[in-house]
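Just so it is clear, A, B, C and D label the chains in written order, and each chain counts residues from 1 on its own.
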Amino acid sequence: MTVVLQTDGLTRQFGQLTAVDGVSLEIDDEEVTSIIGPNGAGKTTFYNLLTGVLEPTSGAIRLRSDGELREITDDPPHEVARRGLSRSYQITNVFEGLTVRENLRVARIAREGRTLDFRSRAGSNEAANEQIDWLLELTNLAEYADTECDELSHGEKRKVEIALALAIEPTVFLLDEPTAGMNPTETRKIVSLIHRLNDEIDATFVVTEHDMDVVTDISDRIVVLADGAVLAEGEPAEVLADERVTEAYLGSEAL
Amino acid sequence: MSTHDDSVTSRIGEFTRDAVRNGWTRERCVVLLSLGLLLFGVVAPSFQIYLFTEFLIIALFALAFNLLYGYTGLLSFGHAMFLAGGSYGLAIFLQESEPYVSNVVGAGPAPLVSWVLGAVFAVSLVIAMAVPIGWLSVRLEEIYFALITLAFGMLVYSVIIQNPQGLTAGSDGINVLLGVTEIGGAEFRLGDRQIYYYLTLGIVGASTYGIWRIVNSPFGTICKSIRESPERAAALGVDVRFHRWMTFIVSAAFVGIAGVLIAGLSNVASPYHAHWSESATAVVATVIGGATYFAGPIIGAFVYLYARWGISRYPALEAHWEFFMGVLIILVVLYFKVGAAGGLYMLRTWLLDVQAAYRRGGANAAVGFVRESATNKLRRDSDASESDTGGVER
Amino acid sequence: MISTLSFVSVSDLVIGLSLGSRLFLIAVGLSLIFGVLGVLNFAHGALYMIGAYLALAFTTQVIDNFWIGVVAGAIGVGVIGVLIEVGTIRPLYDRVEADLDQLIVTFGFVLVIHEVVRFVWGSQPYSTPAPDALAFSVSVSGSTFSAYRLFVIVAALVVMAALWLFIRRTYFGALVRGTSSDREMASMLGVDVPRLYTGVFFLGSFLAGLGGALSAPLQSTSPALGEQVIIDAFIIVVIGGLGSMFGAFVGAMFVGLMQAIGPSFIAAGHIAIPFLAMVLVLLVRPEGLFGGLGE
Amino acid sequence: MAGKPCTDDVQNGRNGLDRRTFLKGAAGGAAVTTVAGCLGGGDDTISLGALYIFSGFGSLYGEEAERGYELAVEEINNDGGIDGQDVEIISRDTEGDPNAGIRQMTSLIEEENVDGLFGLDSSSVAQSIAPQVQEYQMPLMATHAATPFLTSPEGEHDNSVGNEWVFRNSNSLSHDMYGAAQVAATLELDEWATIGPDYAFGYETWDYFQAYCEGIGVDTAFTEEQFPALEESDYSPYISSILDAEPDGVITPLWGSDLTTFLGQAEQSGWFDEIEYTLFSVGMGTDLPADGSPLPEGELASTRYDPFEPDTEENNEFRETYVEEYDTLPTYNAEGAYRAVYLYRNAIEEAGTNADEIRSTFEESEHTGPVGEYAFAPETNQATVPAIWGEVSYDDEYESNVLDSLEVSDPSPEEMQQALEDAGSDLPTGV
C-alpha cells in the first residue's frame, strides 16, 4: 500500500466561484478510485488542476516518481505527463488526422524523449513498434491500426483515447468519463477493458464516471465531490449508502 | 559495341515492362523525375531554365513555410523576413568580405569560396533572427500568431529600408554578382544560367529531401500531433511551445536557403523580399497547392509562377494581371478545397479506378465507369449546397 | 498625463487626434467584422478605397452635394461588401480552416478590386474638395488647420457614439452581441445567423466606405490607397483588441498620436514604431488593450 | 549608401573579382543571347520591349508611358513602319520590384527576341537591370528612372552602374538639381529644407541639391529634412515639423498620389503662406492629377519636358496630336517613351537590327524630338536635354498646370563636375 498521488488542501477559484475547495486526497496504488459527483461538482476542474492545465489558487499536489512523492503543483502539463500522470478526456481528444498507429507513435516518441529526433524514420524504432502493437492488441484496436481516427466510430475513438494515455506508461492514469456518449454494448466493452488493463498494467487508475453501474463495477474506493469539496469517501457500498451522497445527487439531478 | 547497345536497350525494355507490370512505384517516379530535371537544364530554352530556377526557389520557400503551417498548424505572415535575411546575409557578406577571402584563398577560387561562406553566414544569420523572434512568436496561436509574425516581418522591412550603418543600401538593395571562379585552369561562372540551375536544383533537391525526412521523422510526427491537438500533445508529455519554437527555427533556416538562392538568381538583395506581400506569396502558393500534401506547396508555387508567366505573354492580360491572379486565388479557395495537389491526387485515384475497370471488363467497362463517375460528380455538386460541410482533409 | 509630456505641443495633439480619428474610421469596421464573424477581412482597405472613389463619382457626376455623395458611397461599399460575403465568405464558414481560407479569399479581392478601380478610373490621383461649408481654416495655438480636419475628429466621435448606441440599445445590436459571444447558442435561440452575418458585413463595409468617403478631402484618391491603410488598420485592431470597437478607438488615437509626434523627435525609423507597438501589445496582452465587443 | 563588391574592387584595385572578369565569363552565356538579339522578332515586325510599372503604387507611370509609345507606334506604322516592317511594343510590368523586373527583362530578350529595350521608372529596378543588359549586349533606353548612378560609369562611385549599353533620353535628378540650385541662386533665401519620399530618390534629391548649391556658391543654410514613407496618408506631422523650423524655401521631390495628398494638406496647414518658395522637382509634367487639380500658382516647379518649350514645329505637332488623342497634355514620361520608339526607328533604319549597330547609332548621331535637339554624352550615354524650371500657372485652354517664365538649365558636364568638386562632394554627375 503506497500513496502515489496526494493533494493537500487543493483549491481553485474563478472569481467569486470556488470550483475546487480544499480537496485533500490520497490515492493508493493498489486501488481503482472513482471520483463521482453531480454536474458542476468540480471533477473536471480537479483533473485540470492535477494535470497542470490550471494552476491552483492554493494547495499542493504530489506525485510519486522515482520512488518518492514530489511536488508537481506548478508544473506545466507536459512536465506532469513526463512525471507519470496521464489522462484521457471526457470529450474525445485524439489526433483526428492521424492513423491509430501514428497516434500511439506520438505518445511513444514523447515517452522516449525523441521529440527532437529529426533524422530517423518515425516508424523505425522496433521497440516502440512492439510496444504499439501490444497496446493495439490490448485495446482491441489492431484491425484499425492504419485507419485515420476521423474515420472511426465513437466507441473506437474512445478506445484510442485510452490507448493514447496508456502509451506513455503512466504511474497514475486519470480516466475522465471513459464511457461518455456510449451505448450499453460499448459501455460493457469499455468496462471489461478497464478490468483487463487493471490486471495487466502496473498503473494506478482514477476514474470519474456518471454511470453508477460502471462505478460500482470497477471501483475499490469512491470519492464523492460536491460543490468542489470532498463530501464522502470510502468503500463503494459504504459511500453509496451515505445519505448525504444520495441527497447531493437527488438534490441536483435524478439518476 | 552492339552487345553493349543491346544490353542498354534490353535494360530499358525490361525497366519499361517492369514499370507497366508493377505500376509506377515511388522509386521509379523519383528516378524519372530526377532524370527529367537533369535533362531540363540541357534541352530547355534559356528563359525556361531561368523561370524554372525561380520556381524551384519559390517552391522551397513555400515548402519551408508549410513545415510550420501545414505540419504544425501555425500560419506565419512574416516568413519573407527570413527570405530577406538569406538574401541580405549573402549580399552583405560578399560586399564586406570578398576582398579578404580573395587574399586568403587567391583570386581564382575566391568567388566560389565567398559564395559558400556567404551562404553559410546567411543561413546562420537567419537562424540567429529566428531564435528570438520565434521564441516570442510561439507564445501566441492562430490569428494572433499570424499577426505577430506580420508585425515582426514589417519591422525587419522597416529596418532594411532605413539602411542601418550603411549595410543594406536602403530601398535600392544590394547588387549581388557571382563572379568567375577559376580552379585548376577551369573557369566557370556560378551565376551562369545553367550552372545556377544545377546549383539550385541540387540545393533545393537536398533541402526538399531534408524537409521530407523531417516530416517523416519523430520530430515531424510530433509536429503533426501539435497541429491536430496541442492540448493532447501536451498531455502526452510534449512541450508544445518549445517544439513549435524548434519548428519555427527549422522552417526559417530553409527559407533562409531560399533567400540565398533568390539573391543570386535576381542578382539583388532587395527590400521587396522582406515585404509582407512576399510572405503572402508563400501563403498563396501553399493554399493553391494544398497545405495537407507534402508536394502541395511545390505544385502551388508552380501554378502561381507559371500562371503569372502565362499571363505576361498576353499583353491585354498583362496590363491587368493582378485581376486574374486575384480571381485565380478566389476560385481555388472556393472550389479546390484540397488545393491543386489534392485535385491531382483525386485524379490519380480516379485514373487507377478507370484502369481497374478496364482490367475487369475492357474498354466498355472503362467507358461505363467514366460515364457513371461523371454523372455522380454532377449529382453531388448539385446537392453540395445542402450537404457540403467542406473541410480540409487531414 | 499628456500635458506633462513637454514635447507634445497643442498642434501635435490636434494633428494626432485627427490622424487617429481617420484611422478609427478605417479600423472600426474591420474590428466589428472580426468580432462577430471571426473573419479578418484583408479587403477592408480596398473597400475603404472604393468608398473614396464612389463618393467622388457621386459628387462629380450624379449630384453636386458632398454629404449625399458620402452616404451614397458608403452604402455602395456596403452593398459590395454584401456581395463579397454572400458569394465567397459564406460558403467557407463551415470549413476546418475557415479563418485562413477567408483571409486568403479577401486577399484575392484586394487584387481584384484594385484592378477594377484602375480599369474604371485609371491610376492618376484625384483630389476631392472639402464641402463648401467646411472649406475654411482655423488657427489653434499658432498652427493652422482646415475646418474639415477638425470636423473629421467630430465625425469619428459621432460614429463611435452611434455604434455604441446601436450595439447597446437596439434589438439588432443585442443579436450581434449575443451571436458574437456564442454563435451556436444564438442559432439555437432562433437567430438567423447567416443573415445576421451578412448584416454585420454590410455594416462593417459601410463603415469602411464611410471612412474612405470622409477621408477623401484630406488625401488624394488613387488605387493604391487601400494598401497602406489595411496594415495600419491591422496594427490598430491588434493594439485595441480584435473585435473591440472601443479598443479600435483607443488604438487609433494611440497610433495617431505616435505618428504625430514621431517625426519631430525621431528623424529616422519612426515607421517601425507602430510595428514595435504591435509586437509589444501582442506579447504583453494579446487580447489587446480592450478585449471583447463594445466594452 | 553601401557599395557593391565588384565596384569596390575596381576602386580599390584589389585582385578579386572585377567587372571585366565577370564579363569575360559571361561571354559564353551571352553569345547565345547576342544572336537572339540580332535575329529580332518575327519576319515582318520589329519588336521592342517596354519595361514599366503597371501595377500597384507606381502604375500611373506605366499608363503615361503607354500613351506615349502607343502614339509613336501608331504614327510610325501608319507611315510605313521601319523599312517596311511594322514596329510592335511588348510591354511588361516590372512591379517596381527588381526581381520581377529581371524576370520580365529576361523573358523579353530570350522569349520575345526584342530588338531593344526601353522604359524603367524605378531606380532600384534600373540599377539591377543595367548590369544585365550589358551582359546580354542589349540596348536599353531608360526614359524615366532618374538616378544619376544609372549613367555614371561603373566604378566612378560605389553605386554607379552605367555602361555602354545603357542610355537615358530624359534628364536625371542630377540635372534637375543643378537647375534647382540655379533657381536657388536667384532666390537668395537664407534657409532651405526638404520633404521627400522615404527611399533613395528622396535622399538623392536632397544630397544633390545641397551639393550643387554649395558648388555654385549659393549662400544659404540647409535646415530641416523630413522623409515620410511612400503612400503616406497624412503629411500633417511632417508639414508641422517643417513649418516649425521656419525655412524660407523647401524643395520637394514628392510625386504621384503622394504629391496630391501633400498639396491638399499643405494648403490647409497654411504652408504656402509661411514658406516663401516651394520647389516641386517632379511635381510638374508627370504627375498632374486626373482632375487637373493644379499646383499652387506662383510656386516653382521643374519638368524634364515641357509641352510648349521649345516652340518648334515638332514639339507643337506632338503636343496637339497627343491632346487630340488623349485629351490631356503630354507628361514627360509620355514624351520620353514616345521619343524612345523614334530613337529606335531612326537607329534601325540607319543600321539595321544589329544590337551593337543600334548602340553606336545612339552614340554617334545628333537626335531631335519634341524635347528639342540633343545628343548622348560620351562616357555616360546621358542625353543632353535641359532641365526646365518655371513658375506654375494654370492654362484654361488645356485645363492644366503649365510653366511660365521658364529657366532652361543646360549646363555642360564640365560645369556640373566643377560644381560638385567645389562642393567637395564625391557624388557623380551622371552626365
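Simple rule for what comes next: a contact is a pair of C-beta atoms (placed from the backbone, for glycine too) under 8 Å apart; a residue touches a chain by one contact, two chains touch by 3 or more.
Here's who's who by UniProt: B, C = Inner-membrane translocator; D = Extracellular ligand-binding receptor.
No experiment lies behind these values; they were computed from the predicted model shown.
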Would you pick out the chains that touch chain B (Inner-membrane translocator) and also touch chain C (Inner-membrane translocator)?
D
The chain whose C-alpha centroid lies farthest from that of chain C (Inner-membrane translocator) is chain A
Chain nearest the overall Cα centroid
B
Interchain centroid distance [CA atoms averaged], chain A/chain B (Inner-membrane translocator), Å
42
Separation of the C-alpha centres, chain A versus chain C (Inner-membrane translocator), in whole Å, is 49
Averaging over Cα atoms per chain, report the distance between chain A and chain D in Å.
74
Distance between chain centroids, defined by C-alpha means - chain C (Inner-membrane translocator), chain D (Å)
37
Residue numbers in chain D touching 2 or more other chains?
55, 198
Could you say which residues in chain B (Inner-membrane translocator) touch two or more other chains, in rising order?
161, 322, 394
Let me make sure I understand the interfaces: which chain pairs count as touching?
A-B, B-C, B-D, C-D
Residue set of chain B (Inner-membrane translocator) touching chain C (Inner-membrane translocator) in the complex reads 75, 136, 139-140, 142-144, 146-148, 150-152, 154-155, 158-159, 161-162, 276, 280, 283-284, 287, 291, 320, 322-323, 325-330, 333-334, 337, 388-392, 394
Contact footprint of chain A on chain B (Inner-membrane translocator) as seen in their complex
213-214, 216-222, 224-225, 227-229, 231-240, 243, 246, 250, 292, 394
Along chain D, where are the residues that touch chain B (Inner-membrane translocator) in the complex?
1-6, 8-9, 12, 14-17, 21-22, 24-26, 28-29, 32-33, 54-55, 90-93, 97-99, 102-104, 106-107, 110-111, 123-124, 127-128, 131-132, 159, 161, 198-200, 203
Touching residues of chain C (Inner-membrane translocator) toward chain D in the complex: what are they?
11-12, 15-16, 18-19, 22, 114-115, 118, 121-127, 137, 143-146, 148-149, 215, 217-225, 227-229, 232, 259-264, 267-268, 271
Provide the residue numbers of chain C (Inner-membrane translocator) that touch chain B (Inner-membrane translocator) in the complex, in ascending order.
40, 88, 91-92, 94-97, 99-101, 103-105, 107-112, 114-116, 118-119, 231, 234-235, 238, 242, 268-269, 271-272, 275-276, 278-279, 282-283, 286
